[in-house]
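You will see two complexes here that share subunit A, one where it goes with subunit B and one where it goes with subunit C.
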Partner chain A sequence: MSFLEGVLINVFILVIITQGVYLLTGMTGLFSLGQAAFVATGAYAAGIVATRYQAPFLLSLAAGVVASVVVSLVVGYPSLKLRRVHFSLATIAFGYGIESILNVSTGITGGAIGLIGIPNITRLWHVLLAAFLTIALVRNFKLCRYGRACVSTRTDEVAAQVYGVNAFVTKEIVFAFAAGISGLAGGLLAFYLGYLSPDMFGIPISAEYLIMVFFGGLYSQTGVILGTIFLALLMEMLRATAELRMVLYCTIILIFIIFRPTGVFGTWEFSRAWLAGLSGRAFGPGVVKEGVKDNGFKQA
Partner chain B sequence: MFFQQLLNGISVGSMYSLLAVGFSLVYNILGIVNFSHGAMIAIGTYLSYWCVRYLRFPVPLALVIAVIGAGLASMGTERATLRPLRRRGQSSVFFFIASLTVFNLVAALLTYISKGNIESYPSAFLTGSFTFRGLMIPRIDVVMLVIAILSLMCLTYVLFRTRIGLAIRAASYNLKAAQLMGINIDWVVAGTFLMAGLLAGIGGSLLGVKYAVYADIGNMVFKAFFSCMVGGLGNLTGAIWGGLLIGLLETFTCAYISSSVSPAITFTVLIVLLLLRPQGLSGRVTEEKI
Partner chain C sequence: MGSNRRDSAPAFLEVRQVEKRFGGVLAVNGLSFQVLKGEIVGLIGPNGAGKTTVFNIISGVTRPDRGLVVLDGREVQGLHPFQIARLGIARTFQEIHLFKELTVLHNVMSAGHLRATYGFWEGLLRLPRVRRIESRLAEESLNMLSMFGLGDVATAGAGELPYGLQKTLEIVKALITRPRLLLLDEPAAGLNPEETDRLKELIHRIRDQFDLTIIVIEHTMDLIRDVSDHIVVMNFGEKLAEGHWDEVRCNEDVVRCYLGED
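After this line comes the complex of A and B, so read on.
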């Protein structure tokens, strides 16, 4: 496997993960600081199934997804009933919980030393295919009634409920969906690295996913994808500066956030209508400019 | 054994209380979760450590410098990140992300400077202990407790006996109304961040003396966040109780169960507590505004 392929695999795994974060934060307005723990759940489940039971690649990936979804339902059921701030707290607690479970259960997960001996199967086309499928799924989800329910829950939960949206079920669906996506990414990561350790999935990592989503544009799927690709590549390019790279990386993001807080892309979305508009054809009543005016976050 | 753990838990908890109160102050006024508080904790820890280690300052002087440094850094962060966002009328979530980035930035910077090492104080000034009725009491625990009580008394004085305190309390009831009454909001917010930073500096530097000095010490902010919420949203007394509760839970699970599962148990207990009492321990129910 060439160096470039490794870099691209990393980049597109991140793209998959941030699609999940986009669903949660961008569309539904939930801040999860435990998303990395779902990646960990998926990665460990896939890794354990593969090393212990010699399960084939696809089955292991599926096991990872299922494990993440099940865990998300268990975590989400009580915590999504709480206030949004409390939900964020619960995800922090979940992140700590998963980390210590992985550290303690030495017999199953290898403890702090890590899980070793996972076969190296993931190739670039696997990841690209998974990323494409995820993006398509998320796009369709956004346009169908569940996606609209999510956006309305974010903008005004009470108003959404008045109009018959079950806010709790909507949040539960989106939480499970995001967890499934993270689990898939985790499985791919496990089969790419061949080795997993608990400190790869701490709360700072979840915070980094959030920052990536905000960088591209919280309310734009295109922005999230391109922003993630840009930041992940930036991280690789800064490898030349060795230890200073995290410092430079954070500084660049901070400058962007201060001067363009809505993200590089704002609410802009790549679409066929936009392409048509670019060539100067379709400016008419049929072209609806999409955009969320109200950012949906009230000052408490 | 039990009483020693109790004292240990209370003194660590009192530090968490200070951190939580600082966190809560900012939350009350602006309704934002300010993770840059963690950066201030780390700055406090490292400033005092460097002053002792490289400049050979006595520990009390180093602590004072660290506390002032953290306060100023907090004010600077507010000036550089929050104010431009607020001026342009941006929503508070963007400050949440900016503060998270400041938190990451400071952690990265400190990792770079300290080369990822875990260090401890060279002098034995605060590390000794004395015996009282057969109990071995570490000096640092007593110092922490006393300093925490003193700083909370100072904070109460500032909040309830001075003009800036009055302004801060008014702003935390209703920011807009306070502004209409002629209170300079920029000034109030800067003052709040200064106070939060000072408290973070005290907590950070003393926790650094007690445990160790490492770049990720800013992660304590998550505990502050928890204490603040468990105690009750927007309630300073609640934040103090929350901090004590977390300190005690953590110490006892470490002592009697295992230090590696301690965070899991602590946070699970707290979440269960929040499920049973969503309004927090202090019990003031804040109605959700529509």
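After this line comes the complex of A and C, so read on.
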């Protein structure tokens, strides 16, 4: 595997993960600071079934997704009843919890030493395919009534409920969906790296996902994808600057956030209409324009 | 709608002995009244009389401490708002609750959540059926917006609309849910006399066109006079009087505690 392929695998695994964060934070307004824990759950589940039971690649990935979704349902049920900040605090607790569980259960996960011997299977085309599917599903979700329910819940939960939206179930759906996406990314990561250790999935990693989402544009799926690619590549390129790397990385992000608080792309969405040069002024999280276009309506 | 009909016909909505306490304050105290199918009932009373709390209880936003709310023979008190929405009760808010950062059309389509009848997986895969339902909902939303004079601003941001149009949009959003009972909380607040006259017409028109039963909270007395078949007067959480405009207007208690004040 070439160096470039390795870099791109990392980049597109991040693209997959931030699609989940976009669903949670961008569309639904839930700030999860423990999203890396779901990546960990997926990665470890896939790695464990692959190393212990010699499960094939696809089956292991599926196990990762299922494990992540199951954990999200268990964690989501109590924590999604909490209000905004309290929910975020709960996800921090969850993030630390998973990290400690992985550290402590030495017999299953290898503890702090890590889980080793996972076969190196993931290639770039696997990751690209997975990223493409994830992006397509997230786009469809955003355009359907459940996507609109997320946005209404974020904007005005009381009003959303009055229009028949079960806000709690909506949050559970989106939390589980995001966890499934993270689980898939985790599985791909496990089969790419070949080993896993708990410190790869701490709270700072979760915070980094959030930064990528904010950087590109919290309310723009396009922005989240491009922002993630840009920041992930930037991180790689700054490797040359050694110790200064984090300083430069943070400075660049700060400059962008100060001058574009809504993210580089704001609420702009890539669409066929835009390609055709028809796009007018963008408004709202882009859902509307696309929704209208896809419903066969011409816009003036 | 004379009082004869009120005595004999079964109630479409019945509020029975409803009580709600916030801390030490009895916001609603043993309130009972009935609404017949197809009626427009005015709910009036001084500020703080508990009118909006009654709406919150009927629409499930607030749970009553005691008492029943019966819609078409079914007890609905204590249900969640989204469950009550499914039973056909829609409402507008006194303080506008639009999704301000979304476009007007997107607001209506979001409110049409229950009208888009497909499941999660269908939506995720965007099956042809989903596309069909979505385009029907968009079409109906646009039609409804045109019907209420909002057709031209469908792609504008809801928060950018002038106040009067925001109020109309709230009504359109309630109507897209195809309710049986519509609760209007101070629809005329902040409107000028012309707009208020148009609103009176609109309330009658939607009642007839959408086969609605309507309860309206209002401080604008000439609107209440012109649209209400029946009026319930509240004061300090209790029912002070009820009846037709002429009966209520002459009621001494009402005159003293409310109408006289203005």
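The criterion applied here is as follows: the second predicted complex is superposed on the first by the 277 of 300 C-alpha atoms of A that agree within 3 Å, B and C clash if a C-alpha of one lies under 4 Å from a C-alpha of the other, contacts with A are read in each partner's own complex, and residues count from 1 in each chain.
By definition in this document, a contact is a pair of C-beta atoms (placed from the backbone, for glycine too) under 8 Å apart; a residue touches a chain by one contact, two chains touch by 3 or more.
Computed from a prediction, not measured in an experiment: that's the story for all the values here.
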Ask   = Now for A:131: first (subunit B), second (subunit C), both, or neither, which partner does it touch?
value = neither
Ask   = Should A:67 be classified as contacting the first partner (subunit B), the second (subunit C), both, or neither?
value = neither
Query = Touch check for A:148: first (subunit B), second (subunit C), both, or neither?
reply = second
Ask   = Is A:140 touching the first partner subunit B, the second partner subunit C, both, or neither of them?
value = second
Inquiry  = For A:158 in the superposed arrangement: first (subunit B), second (subunit C), both or neither?
reply    = both
Query = Touch check for A:23: first (subunit B), second (subunit C), both, or neither?
reply = neither
Request  = Overlap the subunit B and subunit C contact sets on subunit A and report the shared residues.
outcome  = 158, 295, 297, 299-300
Note = As the complex stands, subunit A meets subunit B at residues 31, 78-79, 82-83, 85-86, 88-90, 92-93, 96-97, 99-101, 103-104, 158, 203-204, 207-208, 210-211, 214, 218, 243-244, 246-247, 249-251, 253-254, 257-259, 261-262, 295, 297, 299-300
Request  = Please name which positions on subunit B make contact with subunit A in the complex.
outcome  = 30-31, 33, 35, 80-81, 84-85, 88, 90-94, 96-98, 100-105, 107-109, 111-112, 115, 175, 219, 222, 225-226, 229, 233, 258, 260-264, 267-268, 270-271, 274-275, 278, 288, 290
Key: Residues on subunit A engaged by subunit C in the complex (per definition of touch)   = 137, 140-141, 143-149, 151-152, 155-156, 158-167, 173, 280, 283-285, 287-289, 291-292, 294-297, 299-300
Query = Can you list the subunit C residues touching subunit A in their complex?
reply = 59-61, 80-82, 85-86, 90-91, 93, 97-103, 105-106, 109-114, 116, 118, 120, 123-126, 130-131, 134-135, 137-139, 142, 155-157, 173, 177
